[in-house]
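What follows is a pair of complexes built around subunit A, which joins subunit B in one and subunit C in the other.
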Partner chain A sequence: MKVGLKIWRYDTSTGERALREYEIEAPEEATLLDCLDIVKDRHDGSLAYRKSCRMMICGSCGMRMDGAAVLACKTRMYDIAQEGRVPVISAMGNLPIVKDLVVDMDPFWAKFKAMWPWLEPGYERPEDGREYRISQERMNVVHKEALCINCGCCVSECNAMESDPDFLGPQALAKGMRFVGDPRDSATVERLERYSQEHGIWDCTRCYFCNERCPKGVDPRDAIAKLGAESIRLGIDRDMGAKHAKWFVRSAETTGWLREEELIPKTQGYVSAIKQLKFGASLARHGKVRPIPIPHTAKDVGEARNLRKVVREQDRQGALGHVQGERALARLEHGHTGGSLEEIYARPGAAPRPWLPEVEEDQQA
Partner chain B sequence: MSTTENTTKRVAYYKGCLASLSAKELDSSTQALAPMVGLELVELESVTCCGAGDIHEAEPDYYLHLNARILAYAEATGCDTLMTVCNVCTLNLRQANFMLQGDADLLARVNENLVTVGVPAYSGNVEVRHFLWEIAEGEGYERLKEVAHRGLKGLKVAPFYGCQILRPSKIMGFEDPDRPWSLERIIEACGGEAIDYPAKIKCCGFPIIAAREETALGEVIQPVEQAIEAGADVMVTPCPLCHLSLDAWQQKLEASTGRAFKMPVLHLAQLVGVAAGLEESELKFKRHIVDPRPALERLEV
Partner chain C sequence: MIAKHDVLVVGAGCAGMRAAIAAFDAGADVAMISKLHPTRSHSGAAEGGINAALGNAAEDNAEIHAYDTVKGSDYLGDQDAIEAFAEEAPGDIIQLENWGAFFSRREDGKLAQRPFGAAGSPRTVYAADITGHVLIQVLWEQVCKRDIPVYEEFFAWQLVENDGRCQGVVCWDLLHGGLKTVGGKTVVLATGGAGRQYRVTTNAYACTGDGMAMALHAGLPLKDMEFMQFHPTTLYPTGILLTEGCRGEGAYLVNKDGERFMKRYAPNALELASRDVVSRSEQTEIDEGRGIDGSVLLDMRHLGAERIIERLPGSRELSMVYAGIDPIYDPVPVRPGAHYHMGGIETDNDGATEMTGLYAAGECACVSIHGANRLGGNSLMETITFGRRAGTSAAEWALSHTTVEVPESVERDAEARLRKLLDRADGERPWKLREELGTSMLENFAVFRTEAGMTKQIEILEGLRERYPNVVVEDKGEVFNSDLTQAIELGNMLDTALCMVTAGVVRKESRGAHARPHDYPTRDDEKFLHHSITRWKDGGVELSKSEVRFTRWEPQERKY
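Now for the complex of A and B:
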């Protein structure tokens, strides 16, 4: 098939930047990476890009196609070529470009290192001398975070990092959760203290670009939410972001609706919030805030209050509260929007049902 | 004349916190517009805040239960659609809904808790949809074309989607998150001209505007600047949080850059409402920080 590509070329030594168009002949199963290899081998040997494994595990070939970060080796070109579309290929965002599609990963690795990306062992070894075994339930807490291949696709699109380049960012924070959620690690509190500093957890603007772009299903935004939940659970809540979040909880159980007018002083403190008085007055002139905030209370708010008491007694605080929904959301990702597994595997054209030991046991019982 | 007069869709209406207080103009314009586009709104009474990203982050189990409670009351109205007018409510409710629908054990546990505090159990039969989706396709869109036909007279409108109506796409699932079309389609159906600019799918910074104002302002300036450069008369957004960020915090952008942006920002229901001839008593433009009326004046000729 014929594949057209427009590639942003960039030479740091001269500062020259140009969009070059290439048309190549590629096999139908070709990925974007295969196409770049063909360009480099047969058309223009000066093209620079990174690659290694070609199979979505080394994380080297992150780049942008039509503005969206992808792994070149995961991106099949067949449909695009059929449509006659000529995509624009460029380097990832939020990282300095070295040449063409190659970015400088140093800032990425610096943030990665700032997370203490190693285990600080703090578990009791079993007395019988055997290995320490982690239950499936505990593994589930970090299952998705452990899938990260450090490709940088999430970082490329992070809206908060665009505005604050020092933000630790989705990859580093997801890595942090991988250790915070590990029952063998002894530094949970120290980690959370560190991660919730100025450019940490509470910098995330919840744009969800990281979840959208991650080629491995890590869902870094969800990992950051797990870190927030663990911080609150352990009382590490001095940051304004944590206070902001706690005010929503307080509002829900007192009036039901968000007590909007008190949000800024509750987040920033009443002393700092004085600086916002002029701004507040402009909002008051247009009826956005009221001079005296009389609580606007939801009907039957006692139910919402009691609900919090009930759930707090049930031991799903912190990250576990996020993890409990992951199974259902994973089904959604694979197109299972309803129906039991039996129904799904009985559908025409369905894949054969894999052998699962617990199912066999169920049938025997 | 209209041939679709008698097809009205009954939907449970969840207006959320902002439309109840700082963005009352969103509620009044939505309520006024709904019957014109074939929607009968059944307002939910015994509901609370969905928790935004904040309760979701801080106390996820409580987040799930609060949203399950809203879904349960929506189901009790007999409607099969719960309609939202805010991106954040949409994500929270859709996400909680999928968690409950896709995991029978989790649904059973949550229901037991709901019943304990006196809330009806939820059986998972409600679909959460944003008002935008109701009028961007199907019957709603057909009705929209009739009531708002050419009302905007070529007004240049910059659509601003915001994040949580596009992403995560596995939860939203309505349109391509990188090439959305729904707002553009509505703008054109109302006789406006949709302006294209890269930041229309990016973040308005609102979730961190109280705790990290500088970072948030670095985000909100992008759509405002780009919409002006692209020649927009007004911006439109389906989210009251994006609206507050773009409209109210614009004065802070002006203070920090020394530039006068004065870009009016409309709620989606207001934009369609203008085209459909709603009055100021329903649109309530006086509640905006940047008054959209000067930009809309030429439509009255």
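Now for the complex of A and C:
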């Protein structure tokens, strides 16, 4: 099949960027990575990109296609070629470009290392010198986080990092959750204190682009939510973000609706709130808040309170409330759940039902 | 020379990182060199598991593990090494778990173990079907904890031999450009395999045998190079690996009629026979016209959605992305593909090579644990156990010696050779040679081998090697010049391939992965129960042999 690609080239010696167009002949099963290989081998040997496993596990080939981060090896080109589309390929975002599609991953790894990305043992070793006895259910809390291949697709798309380059970002925070949620780790409080600082958990803007773009179903935003929930459960709530979140819950639980006029004082403190009176007045002028707050309670507040009660009773305040566990990968877009074996064998065009041949003893050699 | 270390580890996959950690813990100043970031290493693509006789799922012990490995090796494995390996494996696994490895668990909270091919007991510890990924992550975490420096995206190109010992490595700095030499009192090679010699392979683009070639060019012996394992279940058409764990969980191999043909080849073990046996059976089915488009089918439908999703999610995802098939509903087309070099740089049980100060571990080394055929799950275990052993002994040697010197002439010669390659203005593009290599190796030196095919392959390789000095690197820049490194990799693959085929022709028997059904269909212990040794001499391959080390198991007929 014919495949057209427009690739943003970056020449390090001149600092020039240019969009080059290539048209190549590729086999029908070709991925974007296969197509880049064809360009490099047969058209332009100077094209630079990273690659290795070509099976979605090494995390080398993160790049952007039409502005969205993808793993080149996971992206099949057949449909795109059939539509006659010519996608634009460029380097990942939020990381400095080194050459063409290659970015400098140093800032990425610096954030990774800032998470204390190793198990802090402190716990007692099993007496028999063997493995820790932990149920699969308990490990499932961090199943998705353990799938991360550090490709950088989430970081590339992170809106919070675009405005604050020091934001720890989705991959580092997901790695943090990997240890916070691991029952063998003994440094949960120290970790959460560190992750809760400026540029940490509470600076995420919750745009969900990381969940959207992660090629492995890690769902980094969910990991950040779990870190937040664990922090509050353990009383690590000095950050304004934590106070903000707590106020939402408190407000809903007490009166059943969000009392926005109290949100700023409860989050930032009264002194800071006074400084923002002008902003408050402008909110009132536009009808966003009531000029004179009159306390009242919503009619169905009982529902909100019951919901809160259920969460408490089931002990789901922390990360455990977010568990999706071993089934996470079933989330794969194609997510089917099967059916009876008879139905599957009877599907039109199904492969024959497997059978064991009779083998004579003397034939066996 | 840009820096000096006590121990310099080349390659940062499982073996390299484990060696670096061991050397660090022994008190050495250690650094790693890797052409990829450590987590990009191909160890991470290992899926099914890692073998250690923990006995969690059924009665098991080191002796049974050792016996299975000896038998699997077709009696070509060195039995003292295998016994040490089986003995130390459980402790190494416990350590990985204690470090935080995310292994799958049993109901009782212990590590789960699944059955694997040719294993007498369910012995394979696993993490769903991403075991390699989990190991790479835990080792990388431990490397970060120790703050071991990594020369990332440094392409190791040539060993520095000075004063009769190895004292460093000349590298090309891929990211910034330029030749850079790093000195080391000892060097540990852990550069992995060279599956890219074949068009159909499970291996990453990075698996080009760089360490084997460096050792070969430094005059060191490569051992048992003719034994290339073909994995029975690689996805058609890409060659991407589907784990043996699929069959461990109960998947069937069927031909186009739905017949579970393994019954005819291995009536007891069926799909869980040894890899060489299963690959040959598949190839026979395909050759005799009972395949579909050059493949057979891996049928998982009867396992049910739940089990597939829970135990084999990665294999399902690979099948869906690369073959467009959901294994819950349809069987997946698979065929044998080049997977693993049983052979490699000859080492003793502590990873030491013939050259003082040079060690090797993992797939690039040949201890030999695997002999003529490796059992699934043993290679990850080898990287850990022998990575640790090599790292420890390299550190011990380094700590009792002081000097590192790299003669200026070494760097100057390397620079001159490199510039010659880089500055050549026209010639043939390397991909043409790479494609011819991949296609011809698959045709003439794959599952089944013939005298004529191998002789022809040697001619083809000689032809390619004649054309190789004229290849042209199109990228003339310094920054991220992967065009240059890929050209060097091609040279490494050509020379190691020549060792493989040369050793293959003279092994006139069928043993393990070296199958010659047409001229020498049986094993010949009288003439060939020895290791093949290949060395580089005067621009060609020199052959010799060495003894197999026996302890307690006499060769017997191998049946599954």
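In the analysis below, the second predicted complex is superposed on the first by the 311 of 365 C-alpha atoms of A that agree within 3 Å, B and C clash if a C-alpha of one lies under 4 Å from a C-alpha of the other, contacts with A are read in each partner's own complex, and residues count from 1 in each chain.
Everything below uses one rule, namely that a residue touches a chain if its C-beta (ideal position, glycine included) is under 8 Å from a C-beta of that chain, and two chains touch if they have at least 3 such contacts.
Model, not experiment: these values are computed from the prediction.
**Q** Touching A:299, do we find subunit B (first), subunit C (second), both, or neither?
**A** A:299: touches subunit B, not subunit C.
**Q** Just subunit B (first), just subunit C (second), both, or neither: which does A:16 touch?
**A** Touch partners of A:16: none, neither subunit B nor subunit C.
**Q** Counting only touches as set out at the top, which of subunit B and subunit C does A:245 meet: first, second, both, neither?
**A** After superposition on chain A, A:245 lies in contact with subunit B alone.
**Q** Touching A:44, do we find subunit B (first), subunit C (second), both, or neither?
**A** second
**Q** Starting from the residues of subunit A touching subunit B, keep only those that also touch subunit C in the other complex, and list them.
**A** Residues 327, 329, 332, 336-338 of subunit A touch both subunit B and subunit C.
**Q** Flag every residue of subunit A that touches subunit C in the complex, lowest number first.
**A** Contact set of subunit A toward subunit C: 12-13, 29, 40-42, 44-46, 48-60, 74, 76, 98-100, 102, 105, 109, 112-113, 117-119, 121, 125, 129-136, 139, 142-143, 146-147, 149-150, 179, 182, 184-185, 326-327, 329-330, 332, 334, 336-338, 341, 344-345, 347, 350-357, 359, 363-364.
**Q** State the interface residues of subunit B toward subunit A in the complex, per the touch definition above.
**A** Checking each residue of subunit B against subunit A gives 17-18, 20-24, 45-49, 51-66, 69, 95-96, 98-103, 106, 113-114, 116-119, 163-164, 167-171, 177-178, 198, 202-203, 205, 207-208, 210-212, 214-219, 244, 248, 251-252, 286-289.
**Q** How about subunit C: which of its residues touch subunit A in the complex?
**A** Against subunit A, the touching part of subunit C is residues 36-37, 39-42, 44-45, 93-94, 97-100, 102-105, 107-111, 127-128, 130, 132-134, 137, 141-142, 144-145, 175, 204-206, 237-238, 240-241, 252, 254, 257-261, 263-264, 267, 297, 299, 301-302, 304-306, 309-310, 313-314, 316-318, 320-322, 326, 328-331, 429-431, 473-477, 479-483.
**Q** Can you check the complex and tell me which residues of subunit A touch subunit B?
**A** For subunit A paired with subunit B, touching residues are 66-68, 159-160, 162-164, 167, 202-209, 211-212, 219, 221, 224-225, 228-229, 232, 239-249, 251-252, 256-258, 260, 263-264, 267-268, 279, 282-283, 286-289, 296, 298-304, 306-308, 310-312, 314, 316-317, 320-322, 324-325, 327-329, 331-333, 336-338.
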